[in-house]
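Here the chain labels run A, B, C, D, E and F in written order, and each chain numbers its own residues starting at 1.
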């Protein structure tokens, strides 16, 4: 079976390409594929009729529980026959139907149809439920593509989306059910699931599994309250409607329910639910069928009603119900597909599908009229058509089941309506006189006529010569569904039975409906409450509500005010920390005895004062200065606590920030009164304060933890021995954790790239005129520049042993250039550099990386530094110096990129 | 002293966050710079800072005496420089934003601009 | 040699002035009532070289409560802000005596 | 023995000057006057502190200390000039100044350059 | 040139993965040759190694695509260097053995992303960049604070050592808070609700090739770190419940927001967030199965999201608009494109047998085990996503574009998309190896504290 | 013999007062010039702190900071002074 499917898949992709070459006859060629498949399946008949099951299995993704297992039993076999047989006819019909479309579209349509066929076959053959879902969802997607095939029409697109929402939503329910089954049983085998139904039901997931299966089935088979997508799906080209939306796809829900009937029956509410839903569906659909104005929508509603009947039959207990279900499934597939073909032909011929506008087509479309008549007779359940037999089965099943009469009454009524609809759709377009002239655009052709005629005749032939089909298809199917062999007697005449009497009642009421269709139709159409009853409205409303919710949500969440976003984020952080603390319930540790040192405390408080002043400042410059004050205080704090490297770096950074930010502040207004409302300010204050409070508590605990600093101690011991440096911090930066530093250097390099891109240099003359500077500064700037540059080199060189290094060296060098650019303009500073800052960055990054490479020749890891100690009073030399030099160059180049860029930008 | 430093770091972070919640881009920028200062102080607290001796091995010695935590200092140094780089990048972006819109307000409709240009075709056409 | 002497004298005067000016500021600041008479003072310059002018401005900026705010475009005048502007002539004379004269010697 | 005591004394003196400078920053009435206090007393104060450290001996290399003092002497007065001019130009309040020759000069220079 | 470089990177990444899969014990390179726990190292271990491969694949596809999207002006603006820096940052994060080093890579990614966002210097880009920068720096602060707390308590930054210490010592105030701060900061970086607001507007601002790389790499980098921290260091914490709530909210609300977006970039931006929600849901289950699901989802989602952005860039090229209302007709004018675009779209919607289905299935199954409400949220989000995808398809591919000609999509763009679509199909049809890798990854993450 | 670290700790207190006063002026203003004069003052205070730390710890490394500080902070002062001039000229508030 896998081979069949694979071949079919390949054929589905390739064969329809014929339609790009061949015109009308393409359908006939393409139909070879389904008919060949049909033949292949018929070859299995000998197995199936013995009641055997053919299984195949390959491993696919065992750890997902996904196996390529297929299972052909009577029920699948019946489906396969319908899928391939009707599929063949649909392809033929499509060839004749799509004559108005360009060839490539015809080809695409046929591809979709064949792909759909493969997907259907896969669904009914799959034994592994994940595999079934795969095909099941494929049918939904292909249905989406086919409904929207006429994609220029907004109605098609809307209908396609609606159908996808409902059926794929149902697919999700199936996925959920499958996942739960896998959860309980540890397997995704459908047979296992059905066999071990009691186990499923005994688990926690029993009811959800059954409910999800029902939802999946109801959506696919258009049961109340999910039925509304099907009439809309009639936007699909008619061959697709015939195939997907009446004969095959919509029956997948029935397939699923029938397969899981034992499990469903195991719950107290399973059968009841099926029957109630089915009855509601039937009534609603019957009513809507009478109100339908177009040929196709009348068929669509009658299809829904028929699907209701099938669900009802699944719900009823007893063997007769299974027999009836299979019989009706077959009969319906045959006559409904035929009727759809006829509807398509009428639409194709006249360009209109409105029943009231049609009439007298029997002359122009005689074969279509014949096929329609035959199929309608079957649909109406008139003997000797198959529809009659299946109706007899239906009534028998209801009488035999343990149920009350209410469903029977509904069935009678609905069947009567079916008779009425059958009458109307045959008489109205073909036999009654037209109300106005009906223009014929296309006549009949073989491709358009043969399929419906064949199907309609099949309905007659099977009922008259039922033996073969009963033996190979119906009986095995019933046995598969019911679980054991059941005697099936397919015959037109069983003598005078209660069922016959019911049939007579049905036909009588049906005849009345045909006669009074017009007034009935008009009255029903006028009746507004029925529109209200339409769940389509409800669905649309809920979709609209969802969209409104979406828009509202987006508007609320993405309001465009960054401050609101950040407030949410900070509040989120606080909430998370508080939650974590509450859950951890650990006691708060406090730092040990650690006397307050007056000077340090004062410095810290100055830092706090600066921060608070910055937060309060109305003026941006004042805020910047206050931030600088805090930076200063923190730098002094570092100094007081044994961190000279940090201190000097912090001081340098503060100075550079002043230099760079003043360029920005030069162009913007400094006075920036708050735009936050008072309440908002208070809220923000609370958020900020709560974060601060939480962090305070947490930091206390951190400091209170016993301090084990294994890595830091190691660094202290090894810095000189292994890293040849007295300054442990620098050795960590360039050697022990040189890779961090390389990453950080890359950050700076990339920042420089960004700066160069955003602040691209212009060739305009430098507008910063020297005369606007105090002459003292102008004159002193050169010596200062050299002084700072020299200092930076000293800092760089000594960094390995004394406070300093590449970072701070580079920053100080940047300050040197800042002096020059402030005093003499950017142009002169840039000239003093004798290179572009970005080039410097590139060279520096190259140096830093290169410094780590030589050792790799010896097989050591990247960034293993090499040392050369010449002795004799000469300084030791190592690749770390190269590394630090690289860092120096990157930092210098990057800062200058921004410095020059911002100053140029400010001078514009 | 530790408690006081914890308080200081927390207060700096709090003030920084309050600034970040402003609607003025430059305040946000300054707030972020301040925030990184606060966090740096926090890392400092995370290290062992019981000693006030710098982590510099004395001349002629091979091993570090009792000194402040060198690893924490190395981390902070990295953090300071990265924070500085980001502050400057942000300043550049703010500068560009000011040049483009003449506004420092961060509020703006979140629907982005739609330069629908049917003739737009070059590779750099956004 | 003479230049060296001049330079040393300049430096000495400069350091002395630094001390004096600081003490003066201290007196003002610590006084019961802050009593200043700020003024803007124009000091004529007779130096020729730019560096000398700049050095002159620099030195004046250290004397008791005075700072050079501006050097005229022709480098002929210094504009000083002084804390005690009661006797401008005396101040000018003192600058000329202590700094300008020695700078002139250095210039030669 | 003498070194440390002398050094600490010098440092104390320096700190005192710094304190005075800071007080001046508070007590003086306009930015230009405050600038006098901060830069001049500040320069001396820091210089004294550094000299004190040198006097204590074996704490720091003399070269470092001397360079520090030199740099301080170089930059603080220069900074004062720049700040003074900037304060003046930016229109900071100048208390008690009646006669302003600089304003005329700047006006003239402005005219010269635009002409 | 750029394509060749990316192909070489891809080859190197694959070699790394092979090494990771075969190396027993773990292959770690400590840069500088220092001992473990002292120096900063890269480990060729899962899941990092496989994510490096995925990242290289995405970068390779983007490089192909860039031939048509990134012209001389953008290249002069440093596009190549910036995107390579981004790739380096992401790979660094995937491979590092050190917590602080991880932070450094985040910052590198941030700066590179800012550079890419502002590549054209347009007003919206500046706004998007500012927004992104403010958020990202806030997130980085939380991360750094968390790292500081961990360092303060344990004195180490080595992930394996940290994991060992954290699992063997009872929770303290500081470590609990560190977990929370890391969760918050990394949730922000991953674009999880309610920290996701930076995502749509900054993705919408970047040139679309860059946005594709962001979608593939940026948020996943955050999520990877989240997985390493929560599942690796702590091995499940009390924060799983909040993470679950965040995940559920992200899945549902972000998908819901996507529904009504008209700008395709923003629409996909919300989907990026929603998809991270699924991964977080897997993580939030706290089970090995959940972590497996998360890793599988991550591999799938990186490829698909990047491809979707490449796709909308092609639509924009063909129709001249980002606005769904002004797009259309792609299926008729560019059928090959429509096919290549359908693959990631269907995968995003979770249609079997594409990668997204298996990913969602794994998340749902993991959710059923641990927190059924997560599974429900995942399915609800899937339904919304299907609708959103259908709308996107209907508007961009089906609808006819009135009065305007739809141009051809350049072959380079199709090539870029083709690479990723093929990858998506391959994962979908051969989920087993990927699942195996995901399972090994989950085990590797769980082992992290075991010192393996 | 004087205990140098105690001496340094004692001397740091008046220095802190100076720091606080400068900080107050910086926060208070009122003019920008005032704020930056105060920042300049802070440079001096910071240098003194560095020197005191050197005394307290006996490590010359801290005096190196003092050396750098004087140069570094001058650049900030200069940048600010020029900013003040140019800003007031731009906004027409120049004297």
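Structure notes:
We take it that contacts are C-beta pairs under 8 Å (C-beta built on N, C-alpha and C of every residue); 3 or more make two chains touch, one makes a residue touch a chain.
As the structure is a prediction and not an experimental result, all values here were calculated from the model.
Hopping across touching chains, the smallest step count from subunit A to subunit E is 1.
Among the remaining chains, the Cα-based centre furthest from that of subunit A is the centre of C. If you compare A-B with D-F, the chain pair joined by more contacting C-beta pairs is A-B. Chain E has its Cα centroid nearest to the centroid of all protein Cα atoms in the structure. Between subunit D and subunit E the centroid-to-centroid distance comes to 56 Å (mean Cα coordinates, whole Å). Work out the mean CA point of subunit B and of subunit C, and you get 44 Å between them.
Subunit A and subunit F have CA centres that are 60 Å apart.
Chain centres here are Cα averages; for subunit B and subunit E they lie 25 Å apart. For subunit D, the set of residues that touch two or more other chains comprises 21, 23, 32, 35, 39, 43, 45, 71, 74-75, 78, 80-82, 85, 88, 106, 109. The set of subunit E residues that touch two or more partner chains comprises 100, 104, 107, 111, 114, 118, 121, 130-131, 134, 138, 145, 148-149, 152, 155, 157, 200-201. Among all residues of subunit F, those that touch two or more other chains are 15, 17, 19, 24, 32, 36, 53, 57, 59, 61-62, 64, 67, 71, 73-74, 78, 80-83, 85, 87, 89. A list of each chain pair in contact follows: A-B, A-C, A-D, A-E, A-F, B-E, B-F, C-D, D-F. For subunit F in complex with subunit A, the residues that touch the partner chain are 9, 12-13, 15-17, 19-20, 23-24, 26-27, 29, 32, 35-36, 39, 42, 46, 49-50, 53, 57, 59, 61-62, 64-65, 67-69, 71-76, 78-83, 85-87, 89-90.
Remark: subunit B residues 20, 25, 28, 32, 35-36, 39, 42-43, 45-48, 71-72, 75, 78-79, 82, 85-86, 89-90, 93-94, 96-97, 100-101, 106, 108, 110-114, 116-126 touch subunit E in the complex.
Those residues of subunit D that touch subunit F in the shared complex are 1, 4-5, 7-8, 11-12, 14-16, 18-19, 21-23, 25-26, 31-32, 34-35, 38-39, 42-43, 45-46, 49-50, 52-53, 56, 58-61, 64-65, 67-68, 71-72, 74-76, 78-80, 82-83, 85-93, 103, 106. By the touch criterion given at the top, residues 68-74, 100, 104, 107, 110-111, 114, 118, 120-124, 126-131, 133-134, 137-138, 141, 144-145, 148-149, 151-152, 155, 157, 200-201, 204-205, 207-208, 263, 265-266, 317, 319-323, 326, 404, 407 of subunit E touch subunit B in their complex. Within the complex formed with subunit F, the residues of subunit A that make contact are 597-600, 602-603, 605-606, 609-610, 613, 621-622, 625-626, 628-629, 632-633, 635-636, 639-640, 642, 644, 647-648, 651-652, 654-655, 658-659, 662-663, 665-666, 670, 772-774, 777, 784, 787-788, 791, 795, 802-804, 812, 815, 818-819, 822-823.
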